[in-house]
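All chains are identified by letter, namely A, B, C, D, E and F, in their written order; residue positions are counted from 1 within each chain.
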């Protein structure tokens, strides 16, 4: 299924801010000084490395905001797998505007495609198991909505968008409440009925406590693969299980093979490597 | 020398926005439901991996903005090298506020320390040469000021902050102007006298052209180490030379040994890996 | 249980904006012209009608933002039931600032207390049943976070904060998907595991369809009391049931008696009547 | 006369903010998951209860901001009286966008039409007298400009927009100045010549004081109908008189019959009930 | 009388924006590089030319926002007349912060004092007549609230703050309405009773028309001194008269001597010359 | 050469803010009351005084933002020299929108053309010498980007855009560093290689110190013409020299004749006189 695009309203402010961050108080002084206003060109966004496209609408908006005369055409929309040399979109219009918007467009496209590409790798690594890859709240400040979107584009699923859309009870909460049971009871007493409650456990003993009191999902935090396997056996499908805690690509197959339902990977958003995309101009007669 | 801190004014809006991004419309529903308002704790930000601290003031501001009753103490300020287990700062006060601000604080600290740590590694790798490590405009949208700061904390130097603070003439500009000479002349005619002009060259022939017309700095773009060495020899110290274009850590020593003055590395900002920092609570009486 | 307060960060921008909306470009020209800067007074926020306090911190912030020399003391915090004549808070300091901030403070306090008071009335009306009163997304634009908070203060519970924190499948979605089953399946395939799925049904036949495919909650939309009773019987506690659709105070007891788990009332937020609060000055020697 | 529309610039930011408040960080996850992007429909905004339309442009902007492909047609513009079942506007285009924008559009339309409808009722109740209905500064924070507009649409008139566009001397000002005369003199000495001075009086004695010193308008605050009648007689048309202070619909005819020029009603804005408007979809082949 | 200060809330956003405009993305790179963080100094804002102080609180806020450790003391508050060499305020604290905030502080102080000083000159020039000097809406975009304040500080009075706080009927309105009478009638039918109506006339004939229909004030637009004198005679005190239209300092005495009540001077705000203020540091042991 | 226009993105927020500053909470109550919505007119922006156009795109955007039905045509673009009576642009469309946007459009156009005109005068005054006229950071808060642009339009050149795009070492920095040499060395150690270093000197002795240590530019601060001439002789073209410090139009020829490369004039931005532009309507059938 194609991932639904975000409405432009949800990222337009970010693109404007990024352009202003780059333009500063003086604008693109190099291009303004050298490129005549009448100069036209066509150009293309081309992948220098393999990856998965994400954030193309966001990137292309940078051109439109700088000069509405720039025309863009999408060749490989979000979610497309890229081989080296693939054209992602073509761009045509005044050279000044294209060069001025270029870096901001590439910064969005490279970063978000990086998130989607990293996600795609780990999603593919667990293909054939029932495990879904999920993200975390370990995001770059100011980029959460877009990073969460890129996770979906890469085939992953979103965990909480923020502190207010699900209850996640961690060790500090349990300690303060005096145990798992009172913590869950306090949460149930306070929240609306459309809010799920997830609890993080470190041990099988804690897992049993959670099963006794009930929860909508359980995080197996920093468990070994053996512990996870035992957890899966004990839960026997009654509650979704989420593996979490520094899981590396190398561990992924083993973790997924334990039968957990979800694997959380913070590095997809906090440590994504950008996809390298180039923009090369071809002058137009 | 210690890197001068940024005035709080330069990052306060970003911390506010990041907190609101996480709080959403409902706030920290887990903590609010479970933690009593009177609960106090002390805690510490502790490094789980080695690295270099950057953005500690930014991170700590998150706690102050959520609850001014939270007291923080800096143990290892920006620029400190961290061993695993090192305490970066201690934090004490109402548990609710600490837990609510935690993720945003860690997201800033982890990311910016990641940038600084990656910078430190490459700076150390060229120690003993005259090469300085510099960053690029390949930054995460909305984070440029802080990423540039983290580069300095890691021992690197900043390239342009944006499109308006120096002229950087690239291939597309040269093509549109009809050559290096007219491109430089147009720039000189337009800009103020406190703006430097740098030109990107691909070949030794182009380098000679630049030397003929004059420039404040020259980028050697995607050159081989041999080409760089020749460029250094020909320039003979008349103009600073900057090596650029996908230089990896493995290549760095060889590049630096050519005698170039600067090495530009986009990956320090566009693909930084976060430093893993934990926050563990200790309940207070 | 006391409802946890919102962090000031979550409403400070709204109070600033409301003050600026009132101050315009010239400020409080009446007070500035007539009241000497040295004039001091103490005053109190006093209830002119019974009700429930909500938004007191929000209201009091208006005074602090206009003049930090104004001192406030809370007498009846959020959640307190007010009799006519009760003092909610006392305020002392420069008269100019008190008068300038007064209207904005009262506008927040009156409106949010109005929401909480209306909620309290309906919550009390269903006391003794298991029904919880919940709000909707029918809020005044720009006030959702505060209105949702006031609902909690009044003893109600929150439904969704926005479009992104739970799935709510309505008639239009069902029609577009070609039935309840495909609609639910599409949702399950797309969303994260911490997101609940609620479905709105008009008939008992639809209810059975939902039970067959499974859901986290069911809205009984515009059903008669008899239909609700039948729905409760058929569901037999397997899924939480929410009564919705123009339910008036007069109907409430009958609706709650059917055994539904939740009653949604949009009028608590879209049509709340303000609580009348006065501020009277007592000059200080 | 038709009330002039507000320029879009005056409310666009509010509509954007309201949409973002509803979209949160994830957007309309229900619609995105279930409705195919190609699905088209036509629909209509239909009154479920009688009332007066206000804010239709504001509401319709929500659709345009979410998806410019949505086409709208106004059937009953602002100021139209609605019978139950009347179509206010028709909407056609992609279903996704229509459903995503629906709630925000209805929240604006319902609230502002509620203000206009309540105003129309009281304006009609004083028809045949010379009394004009006016609003106050008791508005919902952030909505003043739109509420003031809805008052005009309902046939009412605006009192001050804020603290800076007229002088309104109340009891606290009089007390601080040491009397009505010095209060008025201070105001006259400070303000520009395009600013009117209105004074609030509680008694006939105070009224005489005001007449002696002069004012542009007088508020009769919390007076009985008999007092108002006497005030009208004494003033004899020299100064406009404004009745104010908790005047209810039941009292209105009697108040208007006293001959006062204006009747101020805070409840029109601080306690308006929303008009119930529905949006029903008709799928398009 | 001292002009009441603006609440900080009314200018804080402007000071923040001005500082960020100057700091850009990198901050004060000169000061950060050269001045040690421990360096302390005291300094003073000293007038290099005579003038009238205005905007001192605004200017001093720049220091506080950059570094709260900077202490300021007001020596000559807003409204003070300055001789060359007079100290306006003293400042003490970390040198870094003082130097970083200096230019923004001086820009506000110089500009607003310039407005106040120009106002003071013309106010003094009409001393002894009844004419009051008033400003216009010809302000620098974004500075209206502060410029209007500076006008008051200089002894002038404010005309409209914006388009919404008084009716000003000009030639284009009269032409579109088909005459002065219908224009006034339309305005009266639409506006609230606290809004004044002023009409601009070019000729004595138009003046008579206005007197016949009534208005709260009349602008004599581009009239000769003789025409003004005749207008004053005809109006005989019934309506305030405002002289407007390119009146220069040289004309002022003659204009004021005609007996007009107000003289409008756009140049006070659109063409003010800054007052030259210096900041000299004295290092502290 | 034509000065490149700023992208609309760089000033759109300022135009929106200026319009909202003027519209306030009620909009253009005069025009709304009097002008029928169907009324159309054509009009023109006409120079009342000679000058140089700058900011025309900015001004015209005000009309488009108020009503997109207003059509504009540029007759004399930015940089054109105006004689009295020249038409700058023609405007046609709904009268309401034209009148509502008029003042904001004229405020931008008048101010920015004022800056450009003042610049043109001084640029022409040094024609035939090698001296370039430059601006300073003495700008009106919030207008720096536009004022710097107007300087370029007038034939001048920009000095620093802000504190972060070049090093400018002044007396306070030199004092704190303990001399010119350590100050320059600290700066060189900290900054990137695309940042120039300029130093301000008061005496020939200091000039020699700077020459010894090296710098990219030197400010001759408050020197006499004789001192400047000596400085030019000593420097002999090795470093660009900038004359600065209260240089008046009368002094300009003599200063330029000394052979300095740049003359800095703060008054171009801090004390510019607006160009007087009128807008007169011609009703359309």
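What we mean here is this: a contact is a pair of C-beta atoms (placed from the backbone, for glycine too) under 8 Å apart; a residue touches a chain by one contact, two chains touch by 3 or more.
Computed from a prediction, not measured in an experiment: that's the story for all the values here.
Taken together, subunit B and subunit F share the touching chains A, C, D, E.
Superposition angle, subunit D onto subunit F, using Cα atoms only: 120 degrees, a multiple of 5 between 0 and 180.
Because subunit A and subunit C share one sequence, their contact can be compared position by position; here over half of the interface residue numbers appear on both sides. Per-chain CA centroids place subunit A at a distance of 51 Å from subunit E. Inter-chain spacing, taken between the CA centroids of subunit D and subunit E, is 33 Å. Separating the centre of subunit A from that of subunit D, both taken as means of CA atoms, is a distance of 44 Å. Each of the following residues of subunit C touches two or more other chains: 21, 23-27, 32-33, 100, 144-145, 158, 161-162, 164-165, 168, 189-191, 195. Chain contacts in this assembly form a complete graph, since each chain touches every other chain. Residues of subunit F that touch subunit C in their complex: 21, 24-25.
Put simply, subunit C touches subunit D in their complex at residues 14-15, 17-18, 21-36, 39, 95, 99-100, 103-104, 106-108, 110-111, 114, 137-145, 161-165, 167-169, 172-173, 175-177, 183, 186-187, 189-191, 195, 246, 267, 270-274, 276, 281, 283. Interface of subunit B with subunit C (complex): residues 16, 19-20, 23-27, 32-33, 37, 65-67, 96-97, 100.
Residues 2, 4-7, 9-10, 144-145, 148, 158, 161-162, 165 of subunit E are the ones touching subunit C in the complex.
For subunit F in complex with subunit B, the residues that touch the partner chain are 1, 132, 134, 157-161, 164-166, 168, 189-196, 198, 216-217, 240, 242, 261-262.
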